[in-house]
Amino acid sequence: MRTALDIARDVRSGATTAESEMVTSLTAIRARNEELNVFLFVDEEGALDAARRVDERVTSGDDAGVLAGVPIALKDNLCTTGVPTTAGSKILKGWRPPYSATVVHRVLGAGAVPMGKTNMDEFAMGSSTETSAYGPTRNPLDVDRVPGGSSGGSASAVAGDMTPLSLGSDTGGSIRQPAALCGLVGVKPTYGLVSRYGLIAFASSLDQIGPFAKNVADAAALLEVIAGHDPMDSTSLPEPAPSLLLHVNDGVAGKRVGLVRELYDGADDEVVAEVERAASALRDAGATIVELSVPELHLGLSAYYLIAPAEASSNLARYDGVRYGLRVDAEDVAAMNEATRTAGFGAEVKRRIMLGTYALSAGYYDAYYGQALKVRTQLIDAFRRAYLEADLLLGATAPSVAFAIGEKTADPMAMYLSDVFTIPTNLAGDAAISVPFGTGQLGLPIGVQLLGPGRSEAQLFAAARVLELADGRS
Amino acid sequence: MATPLRREDVAKVAKLARLSLSEAELDEFTAQLAQVLEHANDIAALDLEGVVATAHPFGLINVVRDDVLCASLSRDEVLAMAPDAQDGRFAVPRIMGEAP
Amino acid sequence: MTTRDGWETVVGLEVHTELKTTTKMFCGCANEFGSEPNTNICPVCLGLPGSLPVLNVRAVDLAMAIGFALHSTIAFSTFHRKNYFYPDMPKDFQISQYDLPINSGGYLDLPDGSRVSIERAHLEEDTGKSTHLGGSGRIHGADRSLVDYNRSGVPLVEIVSGPDIRSSAQARAYASELRGILIATGASDGRMEEGSMRIDANVSVRKPGDPLGTRCEIKNLNSLRSLQRAIDYEALRQIELIEGGATVRQETRHWDEILGETSTMRTKEEAEDYRYFREPDLVDLVPDTAWQERIRLGLGAMPAERRATLLARLSSPTTAQLDALEVVVDLGFDDIVLAAIDAGAEPTLALARAANELAAGVEHIANLTTDAFSATLAMEQSGELSATQAKVVLLELLARGGDPRAIATERGFEQLSSDSLGATVAALITEHPDEWTRYRDGDEKLAQFFIGQVMKATKGQANGKAVIAELQSRR
């Protein structure tokens, strides 16, 4: 498949049409969606119409945009006007938002053409896309395995060659981990770099929207399109989008790369091997490797599993059957709320709502949620200290290659451990990217993770590009 | 100081969260949540006296908007998605009890 | 009504005021009373999935103005979520302020000289409104309810007093003075009947010197009169309970204006656990010195200061004049009255005309210029206009503006010549010889009789002072 940037260039020059690119995409989707369950909703007519409008802009000599005519899939927790948006849940089955997320407006403004909404763990709570109320998504590279989660659909759409680009969301690793399991580039931007307006909230202080792509340059281009201040999001950083694409080939000469023990300890040997190989590749490209230990990272998992559910328990209270979505009738409104939520939420969501409610409740707040917020400060401080000794950090993304469907569903704790290397970045609000690097014994892709302080995406893309070249891709 | 999670705690919390659980679910969830809280107890046990919770990681403050009108949604499009509506309003079954 | 002997009533008041902003607290929807249901809503104030709040700067300005007016400390503040389920709350949590409110501490001095402490005055968003179908229109017995979210997200400031109030009269005075302050700051229109200002009363009783008793919260107080009546009722109810050997249960009670009693609202088994935590979708509010100064300098005079300024222009005011003074300040007419006095108007006359005639046409006050008011008063004082005529001119000015002289001419308010007045008086003396004899012999009361007769004969056109002068000259 050509890169997204290739497609855009060809559409703008007239070498191809947006419509024909969309036809290719829709054909690929039709061929495999039933088997893989990647898309929850595809709007063929709407996508072709939108593609034609891009072509009209090209013909009339207008600027058709940086991503002109590039098909793009959207995770189903991104609001899209008039298009069903379920967040992978029964409680929002059939809901069509009356507004679109800011990122959706921005990708449309850049000429990209969305064609559908992708499957996800319910309300983004999961690491395998198995908690979706609409069935699991299968990894296109091995259909008996998970694509990772919660953005498994968006990852599979790109990995399965259905579309060159997609958007996902990352709260504890939900872009990076599926990227690693599907052999893609996936980015969790600095907290506040990308507007959350229109993203169905899971954990407000951790959520960020980010790109999936097959290569670093495409990911950088897409992130540049969606990033930048949004007055509709109070937590959005004040500055406009940074220049990212231009810096992709900056290299890593003179950079200090911290190899952090806690970011690969406990990963499978084959994963650790790739992390070490990545370190060598960066060293060969002129970086200095520094071995670091950041013990505070161990607390990340526990802090996350108090903070995220606490915020989620509050964010999900609005699903009460009153104004939209599922309603299960009852004699009085409280009973109706209860019946609706009981029927509409899956087990994992219920678990986290209860965990979060408990962590916030009177008598437990200080011991659990209050403590977790303090641990978060310590984690942030620990990262800041690490960034005195290194410009960026290197580690694994996921502890193993893609695991089998059903392998971890019996034990929630086992599933939560999949996020151990990704969670700390969300807690700190920093930036991180997963880049494919090598494969495991079964030929399944492995991803390595590069982490940087807030607003350091440019250098992360540069380092990722070095690894991409070293790994023999593009 | 954190105390072990009991079945009654989970039942109480479910009620607060407007979720109803079967007896079997109550048992299952209690066991699973207790396991997660086991891990959380390593946090509860830490002495973090003097550590202050972080608000926004990059210290954003005073984000405000001007007091200027913006377009509203049309009532029709909003009520179209309502499970039940009447006289231009959202309809719900009887409310027992006044607002807190 | 005073509490039973030996008992002390303790009251703390929580006042919620809607802020007079153009738009809501966290979105750009109109902040407007009386719109068609669900026409001022958007993803944010409807709490749609994916929506996010952005704080209205004017709401912060007005909250700080209130803080200054109440002598509070304005500080760094955060927003918190107050979590509970209720259909009029689109997110099933309310964004409010918890342990770090924008204003803390402060006080309010009442006209009687007493001081009530203020604990805090914080920002929060309002909820939607539900109406209940079936039953009496109240919640109990209703079959279903309908919800309108126009009010959802309207900015509120909640002002919490200390438990310093010791009588229903003092509570009423506090509420009235606070209302005047809220209007004077521009923060509120103080319309209790529209719900833009709402009061809840926390009432307890105790023997003087004892620790505070168990308190009950009284809701549904829609007027200052209800506030006073409800506190009286509740204090007595609690006293009778205790004297009868029972204990007061801590609960929320509903005031019924028609029955004149408080009753238990449906109590829950346990107290609500709001699980407050810092609102992650908003950032901290740190009003710097420059911002605070701008607000403080923009603050006009508060009612107490305005009353004092006006009072200083009166000499030995009667009770009636003091009442008029309160009305004038309450309605915001003190500026126009002061301007008239400065232009030469007799203070008590200016006060009286403002408290009566201007008050009657308060909605149209914008039509009346300071000059027109001063000129009308001058014409009345010089005798060019009688009192009745002056009142007519003022009402006309309120209705359509204009110039008092022109109006007087239009209406044919010509000065009665002293000749015709003399003739009228002479004729009346002839008609009422007995009354004239008594007046001439010193019975001053008869002066009123003759003035009345002159007014009747001249259809109110005569000038009272001129009549008296005429009568006296003929004695």
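A few points about this structure:
Letters A, B and C name the chains as they come in the text, with residue numbers starting at 1 for each one.
Note that in this section a contact is a pair of C-beta atoms (placed from the backbone, for glycine too) under 8 Å apart; a residue touches a chain by one contact, two chains touch by 3 or more.
In this text the structure is predicted, and so the values were computed from the model without any measurement.
More C-beta pairs in contact connect the chains of A-B than those of the other pair, out of A-C and A-B.
Comparing chain C-alpha centroids with the centroid of the full set of protein C-alpha atoms picks out B as the closest.
One inter-chain figure worth recording: chain B and chain C are separated by 39 Å, centre to centre, where each centre is the mean of the chain's CA atoms.
The geometric centre of chain A is 55 Å away from that of chain C, both derived from CA atoms.
For this pair, chain A with chain B, the centres built from the Cα atoms lie 23 Å apart. In chain C, the residues that touch at least two other chains are 43, 46, 54-55, 85, 87, 145, 147, 273, 275, 282-283. In chain A, the residues that reach two or more other chains under the touch definition are 95, 98-99, 231, 234-235, 317, 320, 322-324, 333-334, 337, 357, 361.
Within chain B, contacts with two or more other chains are made by residues 16, 18, 53, 56, 60, 63, 65, 73, 78, 90, 92-96. Touching chain C in their complex are the following residues of chain B: 16, 18, 53, 55-56, 60-73, 75, 78-79, 86-100. Of all the residues in chain C, the ones that touch chain A in their complex are 43, 46-55, 81, 83, 85, 87, 90-93, 145, 147, 273, 275, 277, 280-283.
Contact residues on chain A toward chain C in their complex (touch as defined above): 77-79, 85, 87, 92, 95, 97-99, 101, 196-201, 203-205, 231-235, 310-311, 314, 317-318, 320, 322-324, 333-334, 337, 357, 360-362, 365, 369.
Across the interface of their complex, chain B is touched by residues 95-96, 98-99, 190-192, 231, 234-235, 237-238, 299, 301-303, 305-306, 313, 317, 320-327, 329-339, 341-342, 345, 350-351, 353-355, 357-359, 361, 364, 367-368, 370-378, 380, 412-413, 416, 428-430, 454 of chain A. The touching residues of chain C, counted against chain B in their complex, run 21-23, 27-30, 36-43, 46, 54-60, 78, 84-88, 127, 130-132, 134, 139, 142-149, 219, 252, 254, 265-266, 268, 272-275, 278, 282-287.
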